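In the two complexes below, chain A is the common chain; its partner is chain B in one and chain C in the other.
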Partner chain A sequence: MTDADKKLRDSQMILGLEEEVAPATLPDEGLDLRVAPRKEPQTPGEWIKDNLFSGPVNSIITIALTLFILWFGSKVLHYVFASADWTILKVNFRSYMTGRWPLEELWRVWLGTYAIALLAGLSRGISVIPFVFSRRRLVVLGLVAAAALLVELYVVTTLFTHALVAGLILTIVLGIYLGRRFRDVIPRRAVLIAWIAAYPALILLLRVGGPNERLWSGFMVNLIVATLAIFASFPIGVLLALGRRSTMPAIRYFCVGVIEIIRGAPLYTLLIFGVFVLPLMLPPQISKPPNIVLAVIMITAFSAVYVAEIVRGGLQGIPEGQYEAARALGLPYRKMIRLVILPQALRATIPAMISHFISLFKDTSLLATIAILELLRQARRASAALGFAGRSMEALLPAALLFWIVAFSMARWSQRLEKRLGVGER
Partner chain B sequence: MSVAEGNGASNGATDMIVAEDVRKVFGTFEALKGVSTRVRPGEVVVIVGPSGSGKSTFIRTINRLERHDDGRIVVDGIELTDDIRNIEKIRSEIGMVFQSFNLFPHLTVMENITLAPRNVRRWPKKKSEEVAMQLLDRVGIPEQAQKYPAQLSGGQQQRVAIARALAMQPKIMLFDEPTSALDPEMIKEVLDVMKELAQTGMTMICVSHEIGFAREVADRVLFFDSGQLLEDAPPDQFFTSPRHERTKLFLSQIL
Partner chain C sequence: MATAVTATKPPPWRDVRVLRVAGQILFLLIVLVVVRELWLNLEFNLRRIGVELGFGFLDRRAGFGITEGIEYSPNDTYREALFVGFVNTLRIAIPGIVAATLIGLFVGVGRLSPNWLLRKLSLVYVEILRNTPVLMVIVILFVGVILPLPPIGGGFSIPNTLYLSNRGMALTTVRPTGGFLPWILFLALAFAAAAFVWRWRTRVNERTGEPHHRVLYAVPAFLAVAVIGAALTGPLRLDVAGLGERGFNYEGGFNLTAQYAAVFLGLVLYTSAFIAEIIRGSIQAVSKGQKEAAEALGLTPFQQLRFVVLPQAMRVAIPPLNSQYLNLTKNSTLGVIIGYADLANVAKTAINQSGGASYQIVLILVGTFLVLSLTISFFMNLLNRAVTRKGAAR
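This part shows the complex of A and B:
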């Protein structure tokens, strides 16, 4: 290996490219690659000097921020481990997650969770993107795992539940293993279909023979409502966006009207409308649907008009030439939209779209206002109990953390998606 | 075909394209002021003219990217009307190459070429990919099949665009200034492909200012000025002894 090759490989390792580009193939292309001289790795002391104390202003900022972080961190640690009393969480954890869902029907929730865990593991397993164990990642994962373990050991009280949690983790691992093992056998499409089928299957599992919708509560309601609203509002929003650009005036004005009217109303108003006015519009033979169904309808409508506006932005970014090229090839309108326009328009809207879905997920806490016992409501109920007077911090923080975990996961997933679909971007 | 036989007698069954008194107005601007011409099968027609003269608009009316406001256009025996099925049928018989390539950036070269054959002609994947590879061979870039358009040079992209249009096995090819957006060293590779295509007997209409190309392969050269077809002559005559003053002036500016 020549010196130049070595340098090239070093630079690729730093960029994390060592797997994709084999240096041996480069000379075949007749390319003369030379790598600009790179500063040799520094000692930790040098790094600190260069990055944290490179000037008087930077030094002051560094010192001030360090002091703040130390002060705040010690406060947090002191609060979490010394002054807080987490009994309220221990007592109410099940009510946070599933609320008034009867204990003897809890197996339905567990079964559904296991199925999703297996599916998630499978998806990760068959994904071609390798999981890179960088040092930083391992440290973060280790810390998260330790924190999760701590919480689990504190919150879970029965041996049976411990076993269920352990089984859940094993199921994810099993899924990853199976996905890896049978990567070439399992068609990607099958996994996608499984994901699409999972939702109705889950609802059937929970509902058929299970508890009445009035008993659906806790964090699972936030998750179920948000998931349904997200996946239902997406296609509706896309259609509204296309309709808004239609050349047919009737369709165009209808879509513009729907979008502008719903977009102008606060979600809270829409929920109240859904619960008190919408049932009056139904034919009298139909009894009033449960609040959770009405809520899903209204949240979906609310989300759809935002999706429509996001997609409209994406559509405006597509040059006229793309439409012309598709038309010139004889593609009919629907195929042109489906095969040429939407794939490009939607890719451009991923960041805005995921942002919208994250905020929609958090908006599910508004369900509390129409008597649905979602997570936030459950947390506030817990803190209102007599024995826990003055412990509302301990009651609300875990709820906030749960919301944050899901929102953050969505954000990370969005980044992955962007990276994966970034290929061939002009 | 049956349509061609049906009304072939009146407009001459041998003509691939018939345009009669074609008019087009954008707002108050008259882009085409009654253009009439005929193109026989296998004929190569080059259109020149100053910008804004309506030459692009004219070839875009032939596959209905622009709707003509008045007059008649008959392509391969089918008259262009507002009937969308009719239009899609004609479009699938006409290949078009644009100045700015207009490849689909989210698809690979292979997917760009096979998109229309698979979704319009309903060919199976295997057949359409075989045809695509033959075409990529023909335009000289078979090794680029799995790349995305953004990874190719302008000349390569335009050759892919030609292959994409040819994949539908069209009877007519329209070229709308295919080399205007290219760097000089890439113009030749695209013109070579077009010359080869002309020699195989493809009916072609090219809006282009490549005089060398016009002299070499064109059967006729058309000169457009302010929405009118002013001159229509074989290349020798067109470039050496144009009849109109306007043509002379234009040629003096570009030659």
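This part shows the complex of A and C:
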């Protein structure tokens, strides 16, 4: 890859243009493309002709779609601002987020959120990737912020909660500031370790002295179960992947069997197994664990085999020469894997891993089928309340939007990361 | 001499070959001990709560109703109940795969359209569906689209032909009669006749160069034999749809419940978004020169897509498509959230009803889905081989 290419890629990243960039916008210094005739910049009229009315078929499509968008858009706007009654969201917002978590223990959740916000701000602050304020990005950010503010003002009712939300934003800003300020003092590794340590700390904060697992509910559960499962399944998945490529038949067949059986079964079946069969496999003196614990175990198992397949893909991408070189250096198996093979293999799997994580996060909605009060189930419960007959959509859509926002932003972030890492290019 | 040999041969506890074998034996022993422990616990616990261990429960009376699918009554056995569930799973999976592929193909091509509006709209479609949990999609479609349809009695209907309401759909259809089996023979004959005519036209075309019109000749040939056969055997009868006596349900015809519609639509829309991305990716993987060459040959845009780009894109697309088909099949279990009686839902009811025949039913479930997955993969592999061979021959 030439420098010019790199520059082009950076500029695309900065502009937030994930898609095709017309050759006309290429920087022309040192590029072979110079020989191509340069396009004159298009006038809006030309753009419309090229992109919307380039032929009879195209024109028909454009007109039909415009009509459709106008019709559908007006329906949506009418629904959102006129016919829908969002009281159900206002009344239930806390139960969407934390469900049956007792009010007097809510400080644990807030404290955890603040800690994560500070860490997130810090990591952004010490990161060397500059934040570029392109116009398009500013517009999008402004719109999102305005919408978020509108929702916050509608949903949050007490002054104290308003203050907490404002404090959360300030904490992120503080984190960014601190990170910038002490960029050279804080080692990046320390932040990484803090992230890894934050997770068990958060669970301890919520659990020790706090409400028991049966009261855990709401969106909180989706987030916790998804992260817990991905963290727990990662080492298991790596071991399974290595086992699948082992030269020892007993280990290889065992791993292949485990991976294929779990991968062939739908997650819902695994959850049924977890709820109905797994407790019976425990020694009789142990009482039945709460459903959420069983669910985490099964989702971890489910996730581990997918992680294993992703890691296997990464391992297969490592040329044989790397193994040979490591052996030639006299590295024993464990050192070879840890120092030479895994670092390269795992780097190549980052995008696939993130998209697996996104789908795992979405799959946490399946907990609703085994009577865990996660977001989807909370939304359905809310709409079953007597006062809100016929308001189910108002209960469901915000929940869907919440899932969507998290999944979509992760997907976007992963696309950027993928470009920055240049996976498949090095 | 002998001393030199013993010096280079390490003692057994440091000999790699010995260690490998010992390590594997140890590993297997550990696995065995753990599995045995789990099994003993299971056996003990099941005995304690008084549940039989074998599969004898399959022949007992199930005692619960299933509102969906092939004929079944609560007096039938567990075996039959599970089979009804299995058929319901297939009823979602097979048409679902076809429909999701068609929509996905359409949207995926739309993502690459020269029309800016279509491109962006396809992108919005994909991004909305891809980032929402499929369970949420199913619930929203059920609550927001299917249930608000007018109730039975009202709603859209063509008397004795088609009824649509929030109770589902009823459509007048044809059913096989006793004459159906002999008719299959006629169908085979019709197929043979059509193949013969097809060959004949191909030869005519090769010999004389006049247009072959193979389809124009072969289809009537097929129809002629098939219709004559039908007249002789009477293989089908009309099954007229209509309202039940008290107007609370549909009777006769081909019935789809509201639950089926929601699960089917939800899975199809959700999966089609992923398929669209696969299609887009694999079309983009076809090198640009191919399309330019096709254009230079004077093919129309449709011909370029149909004869040059798609056949090559297929090769890239088949493995990821396979995994989407498997996902769709596995996700059909999510109908449980709105009470669609698929295999997993029936299995869950059966576990509760049978008083705890849990591990047996879970084994049946996992086994069935393994077989389903392997079957789909088998067909996709066949397709894959066909596509790649075609490419290699050219």
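Quick notes on this one:
By definition in this document, the second predicted complex is superposed on the first by the 349 of 426 C-alpha atoms of A that agree within 3 Å, B and C clash if a C-alpha of one lies under 4 Å from a C-alpha of the other, contacts with A are read in each partner's own complex, and residues count from 1 in each chain.
As a working rule, a contact is a pair of C-beta atoms (placed from the backbone, for glycine too) under 8 Å apart; a residue touches a chain by one contact, two chains touch by 3 or more.
No experiment lies behind these values; they were computed from the predicted model shown.
Legend: residue contacts after superposition of the two complexes on their common chain; A:Gly321 is shown touching chain B, with no touch to chain C.
In the superposition on chain A, A:Lys335 makes contact with chain B only, while chain C stays out of contact range. Within the superposed three-chain model, A:Ala265 lies in touch with chain C and out of touch with chain B [touch as defined at top]. When the two complexes are overlaid on their common chain A, residue A:Lys362 makes contact with chain C while staying clear of chain B. In the superposition on chain A, A:Trp107 makes contact with neither chain B nor chain C.
Contacts of A:Leu65 after superposition on the shared chain: chain C is touched, whereas chain B is not.
Once the two structures are superposed, chain B and chain C can be ranked by residues of chain A touched, with C on top. In the overlay built on the shared chain, the residue A:Arg347 is in contact with chain B alone; chain C does not reach it. Of the two partner chains, chain C is the only one touched by A:Met393; chain B is not. Chain A residues in contact with chain B (one complex) as well as with chain C (other complex) do not exist.
Taken in their complex, chain A has these residues touching chain B: 319, 321-322, 324-332, 335, 339-340, 343-344, 347, 423-426.
Contact residues on chain A toward chain C in their complex (touch as defined above): 51-52, 54, 58, 61-62, 65-66, 69, 248-251, 254, 260-261, 264-269, 272-273, 276-277, 280-284, 358, 362-363, 365-366, 368-369, 376, 380, 383, 392-393, 396-397, 399-400, 403-404, 407-408, 411. Of all the residues in chain C, the ones that touch chain A in their complex are 20, 23-25, 27-28, 31, 38-39, 41-42, 44-46, 48, 113-118, 121, 127-128, 130-136, 139-140, 143-144, 330-334, 336-337, 344, 347-348, 351, 356, 358-359, 362, 365-366, 369-370, 373-374.
On the side of chain B, the complex with chain A involves touching residues 63, 65, 88-89, 91-92, 94-96, 98, 100, 102-108, 115-116, 119-120, 148-151, 161, 164-165, 168.
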